[in-house]
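The following pair of complexes shares a single chain, chain A, combined with chain B in the former and chain C in the latter.
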Partner chain A sequence: MRYYILVYDVNEKRVVKVHRLLRRYLQWRQRSVFEGYLADEELGELLRRLDSIIDESEDSVVFYSLPSDKVVHSFHIGAPPDRFENVL
Partner chain B sequence: MRYYILVYDVNEKRVVKVHRLLRRYLQWRQRSVFEGYLADEELGELLRRLDSIIDESEDSVVFYSLPSDKVVHSFHIGAPPDRFENVL
Partner chain C sequence: MVLVLRHMKYPLFITQHGELRRENNALVFSGELVKRVLPLGQINEIHCLARVSLTSGAIDILSEAGVPVHFYTTKSDYKGSFVNDASPRGKLHLAQAEHYLDGEKRLYIAEEIVKGMQNTMAFVLSRWGVNPVKLNSVEVSGGSVEELMGREAELWTHFYRYFGEAIGVEDFKRTRRPPEDEVNAMISYANAVVYGLAFSSAVKAGLDPSIGYLHSVSERRHSLPLDLADVFKPLYVFTTVKALVTEKKMKKSDFTKKGKAVYLSREGKRKLLEEEHELPFYDGLRGEAS
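Right after this comes the complex of A and B.
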């Protein structure tokens, strides 16, 4: 079990599908950013499902893997990120 | 000195200015993602400059602060992120 920060950059055509998939595994943080704990099996499953949605030549998803959420401190400036949640 | 992962979500009108500012402080990783070490003074300076560019009601910048880059492991799926670099 590790804590993940995930940032995706995918074509508009696939954003809704990717966003909905990610919401089943992680917490949404900002327009293209999700966070949360994943067990290894969950990570494997998520990677397989993402692979089946994204276009490898065009879309990119970066995973940051941390031992726990205790090692990271996050803050934001500007608009509160959560107001995007109703966009999708 | 801490290691930062920064993800921005700003209006198209301001993306170039934000991207160029961030490139002076951090390494670009993916379309809206930068990483790197910042001393407290640099962070303060960067926050002031970002504040002067972004529209607080519309743009959002999330900072993840880590004790070092040794605690985070990152990987990506899909297209290599760096091919966006020539976009700006």
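Right after this comes the complex of A and C.
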């Protein structure tokens, strides 16, 4: 299992579809940024599903992979990004 | 004893009434206060500590993802679970029962459980800067499970004394059913949550939760999670409660009183669960699990 930061640049026509797929797997951080842990088989499944939605000639999704969320320190200016809440 | 109660993924706690359902193929919680899409990939189990109903669409998604859902009464007693448990585990369950029926094997496991409790107690106290001499001097061994239960009670007596000193309460007394003060209300609630986590871990490991070793098999309660929860209580429950007390994070309105009994209010429950999630070693353990 690794921690992924995922950013995407997708044509407007498909952006809702991509967003809806990603939010099932990962925590939404900002408009086109998701984060979270994925097991290898989850990553594979996500890649296959993404592949069937995007148009390779104009869309791109970048995965940054990290061993854990502890190795990356982030800070922000402006409104804070969405945090994963595990207590509702 | 390896401390891996949780993995990278988080347990999700729901403390408001609402419904889990499917929307656009995603699991959505819509409650009294918030509506959230739940990133199921990031969640390993769901604990419903309020009245939450599941639609059949939600059950589809949850069973496909293999995420169990546990239900508690609003007073936080365990009610039951939805678990997609399709694979037969006959051999494992027979072996588990054999270890209960064989006195020597049962005693060995029960002893390891009590030793585990003693270790986590000592670990937690040393983190608080307390030297747990009396606790460490308890010899954990016995000729029978009853004798071990006696050692366990002895350990808790020492631990409660040290805990009382750490939070500045003289003569701290544990009361339950019902808890009679704020500190006891927090302990009771957090204990129930740790019981739920232990139950979930046991089920996911494929074990029969009704067969425990230190606690005897009974008709009323699952004894395996009772065994397991005790090992983790010092770590999860008492560190959380101590932090909430010494940092004065709880307000009057976080509790409700009913006669002699004191319970947490909805906001109080949320605060406690969030504090538990913020524990420094909570992240540490998740890191070690990788």
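As a convention for this text, the second predicted complex is superposed on the first by the 80 of 88 C-alpha atoms of A that agree within 3 Å, B and C clash if a C-alpha of one lies under 4 Å from a C-alpha of the other, contacts with A are read in each partner's own complex, and residues count from 1 in each chain.
Note that in this section a residue touches a chain if its C-beta (ideal position, glycine included) is under 8 Å from a C-beta of that chain, and two chains touch if they have at least 3 such contacts.
Treat the numbers as computed from the prediction; the structure is a model and nothing was measured.
With both structures placed on the common chain, the touch criterion links A:32 to chain B but leaves chain C unconnected. With both complexes superposed, B is the one of chain B and chain C in contact with more chain A residues. Once the two complexes are overlaid on the shared chain, A:1 sits against chain C while remaining clear of chain B.
Of the two partner chains placed by superposition, only chain B is touched by A:64; chain C is not. Applying the stated contact rule after C-alpha superposition, one finds that A:73 touches chain B and leaves chain C untouched.
In the superposed pair of complexes, A:42 makes contact with chain C only, with no contact to chain B. Once the two complexes are overlaid on the shared chain, A:18 sits clear of chain B and of chain C alike.
Across the two superposed structures, the residue set of chain A contacted by chain B and also by chain C is 67, 84. Put simply, chain A touches chain C in their complex at residues 1, 3, 20, 23-28, 36-38, 42, 46, 67-68, 70, 84-88. Chain contact summary for the complex, chain B toward chain A: residues 5, 7, 9-10, 29-33, 47, 50-51, 54-67, 71-81, 84. Contacts from chain C toward chain A in the complex involve residues 7-16, 24-27, 29, 31, 34, 36-37, 39-43, 270, 273-274, 277, 283, 286-287, 290.
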